[in-house]
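The following pair of complexes shares a single chain, chain A, combined with chain B in the former and chain C in the latter.
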Partner chain A sequence: MSMSSRLSWFINRFLRPAFGRAYVRIKGGNREPSWILWEILLPLIMITSVIWAYENMGAPEFFKGFVIIGGAMMSYWYNVLWGMGRTLYWEKETGNLEVFLLSDAPLPSLLLGMALGGMFNTTLRSIAVIILGVVVFKAEFNVDYLPLAILIFILTLVALYGVGLALSGLHIVYGRMGVRINELLDEPIMFLSGQYYPISTFPMALQYIAGLIPLAIGLDGVRRALLFSEGIDVLWLHLLILFILMIVFYPLGLRILNKIVERGRKDGRLILRWI
Partner chain B sequence: MDIGKWLTRFKAVVWLTWKEQSGWTKPPYYFGYIIITPFFQLILYAYMYIVIAFYSGLVDIEMAYYLVTGVSLYNFIGAGLYGLIWTVHSEREHFRTLKYTYMAFPNLQLYLLSRGFFHYITGALSTLVMLLTGLILTGVPLGTLSVKPMLLIILIILGFLWSSQLGIMVAGSSIFSSEYGPLISEAVGGILFLLGAVLYPIESLPDYIRPFADVFPMREWMELMRYALNSSYNVGDPNQLLFQLVVKTIIYVVAAIIFFRFTENLARKKGLLEATLHH
Partner chain C sequence: MAMQTTIETRDLVRIFKHGDEEFRALDKVSIEVPEGVIYGLLGPNGAGKTTLIRILTTLLLPSDGDAYVGGYHVVREANKVRKIINLVSGGERPGYGILTVRENLMYYGQVYGLSWRETKKRIEEINELLHLDEFLDKRLNSISTGMMQKYALARGLLNHPQILFLDEPTLGLDVQNARHIRRVIKHLIEDKEIRTILLTSHYMAEVEELCDIVSIIDRGRIIATGSPDELRRLVKDEIIYNIDVRLSDIDRIRILRRFSSVVGYTVKTRQLTGEARIRMILTGEDIARIIRTLEEENIHVLRVSRDEVSLEDVFLRLVGRGLEDEYE
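Let's look at the complex of A and B:
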């Protein structure tokens, strides 16, 4: 295949379906304004509970910022788990997955679309959560370090969505068991990522495990930049780890997805419902 | 109504829920599954206490006891409530079986209660594990606890009663919306977490929020449960609290019966029990 036909394939067969799928997700996720309100208020309830708990314990002021950033960034993990992984399960249950698989669009392209659409929707809500958190709880962030925080954040997202690729494969083949696996990954990742506290307070062994989770490294990096004004001279290791996780997780996720789909085809489980 | 007939149905629905919930794996794995998630939920919050102790260098056993019991006991209420409310959404929208179960068990309120009961049992199991591990993890000496078994049993029954009736009312509302049903259930769970003396005492809430906390029986139940697990825990006058809890529970039961009867009739007239919106 020549270079120009490869590029044409990439644009027409990969990117276009991805943007098409992202459009559906963005349109669907924002068509009802009251949903957006709910999706902002629900995380805020949890954030408020934790901030009041910290206040009651006499925690230092910067913990408010910790909790707000943790709550906002954790939404991306939920999006990977439920918006990306579980969606394929429901597409299978409703009969759409057959259409996806029969179409010309490769599955990773559709997943990319889901990821992009989900990122857009989650970003809208996370920004609102942060703004409300700052206004209501008077949390303070150093915006001079925002560019570095954004760089860390983008690397985190790419690595995280690589994990999402692998998870979506599990959902296609394992059905309800995949949903349970999702549920099992929910709270442990929240804990290991340090949703409400710095992972530097973990015992060393736990810190090494957390180092394998993109969200834990990303969350720590963003907090250090915005709350403790740490620059690239301190956070270069975070960037390096995230870069390594990104180049490992993305191809690995793709490989796992392809393997699982292939196995599903052989076993005839790709369109098997109610399992 | 014939009690014996109802109990037979109740048993069948609890068994059905067990099969539906655990059918994807073997029982030992299922028990592992129902314990892992709440366990990590507990250490997520218990670790907040550990971090503050780490920063301040101070150990506050009373604070640890408050936090661990709050998160663990909330799990009992939350698991049951969420399981009960979610039934309407999952059976009508996901599996489209609500109309069939309604024909087999034509009393939706009792059906939901039976479905929810299973979740209260699994919630109680995981709560027990959470309590024990949480208290050990935060260094609360288990030997100093003095449990009041009779009060504990009464409170578990009352907790099941008021929270399941709250769940019935929320489930009644969720019949009318496929989109908002799950959101409403999450919001109610979140509000109970926020206002229910789970992580902090109600007294530490801003003044304008406290009246909202008094709407729910959660605070009385939580405080009395803490007292029942450790009689040296100060709740002021436990009899007064118990009286308030009983009164609120009665109000919830009556309100749920009236409200659900109204919503069920309206839903039948509008054909909403079999309507799906592919949500």
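Let's look at the complex of A and C:
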């Protein structure tokens, strides 16, 4: 296949279906205005309560920034857990996966569309969290390091997308029990990623385990850049680890998903409902 | 000139396993579908029709045997098959309820690789064919079953498929909507919008009206294949009678099994009128004796009439039970 036909395939058969699925998510997700309450206002209550707790304990000012960045970035993990993993299962249950599989579009493009569509609302939530932090709680960030923070953030998202590919496959295998996988990954990942505190407070063994979680590395890197003004000379290791996690998780996730889809076509699991 | 074969299966087998149990959904199924026809698979629920269609549309792998669609192998060249086909299943409701019918179709257009503009144009073309105006901008979760089926068909036409698979396309529709869908299906082939259609149904009238070639399938096996006329000729030596009796007498009609001349019979009840119709295949002019015996058993015979052979009779003749009878 020539370079131009590869590019044409990528645009028409990968990006276009991804765009289509993101369109469904964004259009559907924002059709009822009540989403503002669920997606934006309610999560702010938790963030506010943690910041108040730190204020009352007399914690250093930068802890507010920890909570704000943690609250903003953790939403993307939920997006991977529920927006990619669980949604693929529901696509199967509603017959949408079957229709998608009838086309020659690759399944990862559907998952990318789900992730991107979910990220739209997640980003709105994150922006609301940051505005709350800056305007109400006077949290301070060094915006000079914003480009580096964005780079770390993007690498984190790509690595998480790889995890989402594998997760969505597991949801197909385990069906209704898949919800337990999410629960298993929900609280422990929140704990290990240091949503509201620095992971340097962990014992060393736990820090090593946290180092395998893209979200933990990403969170730590973004916080160091924006709160402690650390540059690439300090954060190169974060970038390297995220890059390695990205090139490991993406092909691994893809392989797991492909294996599961192939198995699903063999045993009928891809089209059987309520299992 | 011989017509080109566009769908072909050779000794196709599909086994489903559940623990130690095995269920053979398809048992050495071989069919050949020429281009330019509507090919029908007629069989009761659970006969293997949907399993066959799912293998042909690459959603399911066969356990054994080979299948080709448009000249491509459904396992080894699945992506090439997917480019030239589409599937519409009756009773299925794929889509997103919160989006309108148009928005759903826009989404599927992207999935099939059409640009935004091409999809809009295609929706307008399909709208002319299917008359979707009335509900195109309504949310999917607010439209009726008939509209839903038209929407499903519209989705199936979006990618200009060469081969369209229709799995029970009029399932659950009222008479008027079913008639409209059948008219559209005919039109698709006559206008060469679609080159070949393979449809499954357990409605005899639908298959007789639409299909050029029919395969009768039962318990995973192809029992007979031919044009509706050819199949009807399989029952040319027998006579078909309809006997209307009171619904309350229906328990005693087993007596018909005593007659060696009765090849088989089916019973359809009509709750509203309190009657039941026995449709019977007879090998000889034994009807007077049968009526007399029924009356001796206090079965009140309301009407007796002769009828033309239908595909239902062919099924009964070949399989030994009616198309709508449940498995025992």
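As a convention for this text, the second predicted complex is superposed on the first by the 268 of 275 C-alpha atoms of A that agree within 3 Å, B and C clash if a C-alpha of one lies under 4 Å from a C-alpha of the other, contacts with A are read in each partner's own complex, and residues count from 1 in each chain.
As a convention for this text, contacts are C-beta pairs under 8 Å (C-beta built on N, C-alpha and C of every residue); 3 or more make two chains touch, one makes a residue touch a chain.
Just so we're clear, the structure is a prediction, and the values are computed from it rather than from any experiment.
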item: Chain C versus chain B on the shared chain A, clash or fit after superposition; value: fit
item: Which superposed partner A:Phe228 touches (first chain B, second chain C, both, neither); value: neither
item: Of chain B and chain C, the chain that contacts the larger number of chain A residues; value: B
item: Partner chain(s) touched by A:Gly28 [first = chain B, second = chain C, both, neither]; value: second
item: Contacts of A:Gly20 with chain B and chain C, given as first, second, both or neither; value: second
item: Touching partner for A:Arg265 - first (chain B), second (chain C), both, neither; value: second
item: Apex chain A: angle to the C-alpha centres of chain B and chain C, given in degrees as a multiple of 10; value: 90
item: First (chain B), second (chain C), both or neither touched by A:Val99; value: second
item: Touching partner for A:Phe243 - first (chain B), second (chain C), both, neither; value: neither
item: Partner chain(s) touched by A:Gln195 [first = chain B, second = chain C, both, neither]; value: first
item: Least C-alpha distance (whole Å) that remains between chain C and chain B when both complexes are overlaid; value: 6
item: Common interface residues of chain A - those touching chain B in one complex and chain C in the other; value: 32, 94
item: Chain A-touching residues of chain B, taken from the complex the two chains share; value: 23-25, 33, 36-41, 43-45, 47-52, 54-56, 60, 63, 67, 94-95, 179-180, 183, 186-187, 190-191, 193-194, 198-201, 204-205, 278
item: Residue numbers on chain A that touch chain C, as the complex places them; value: 12-13, 16-17, 19-21, 23-24, 27-28, 31-32, 94-96, 98-105, 265-268, 270-271
item: Chain A to chain B touching residues, read off their complex; value: 32, 35, 38, 41-42, 45-46, 48-50, 52-60, 93-94, 175-177, 180, 183-184, 186-188, 190-191, 195-198, 201, 274-275
item: Chain C to chain A touching residues, read off their complex; value: 16-17, 54, 57-61, 79-80, 82-83, 85-87, 89, 92-96, 98-99, 103, 106-113, 115, 155, 159
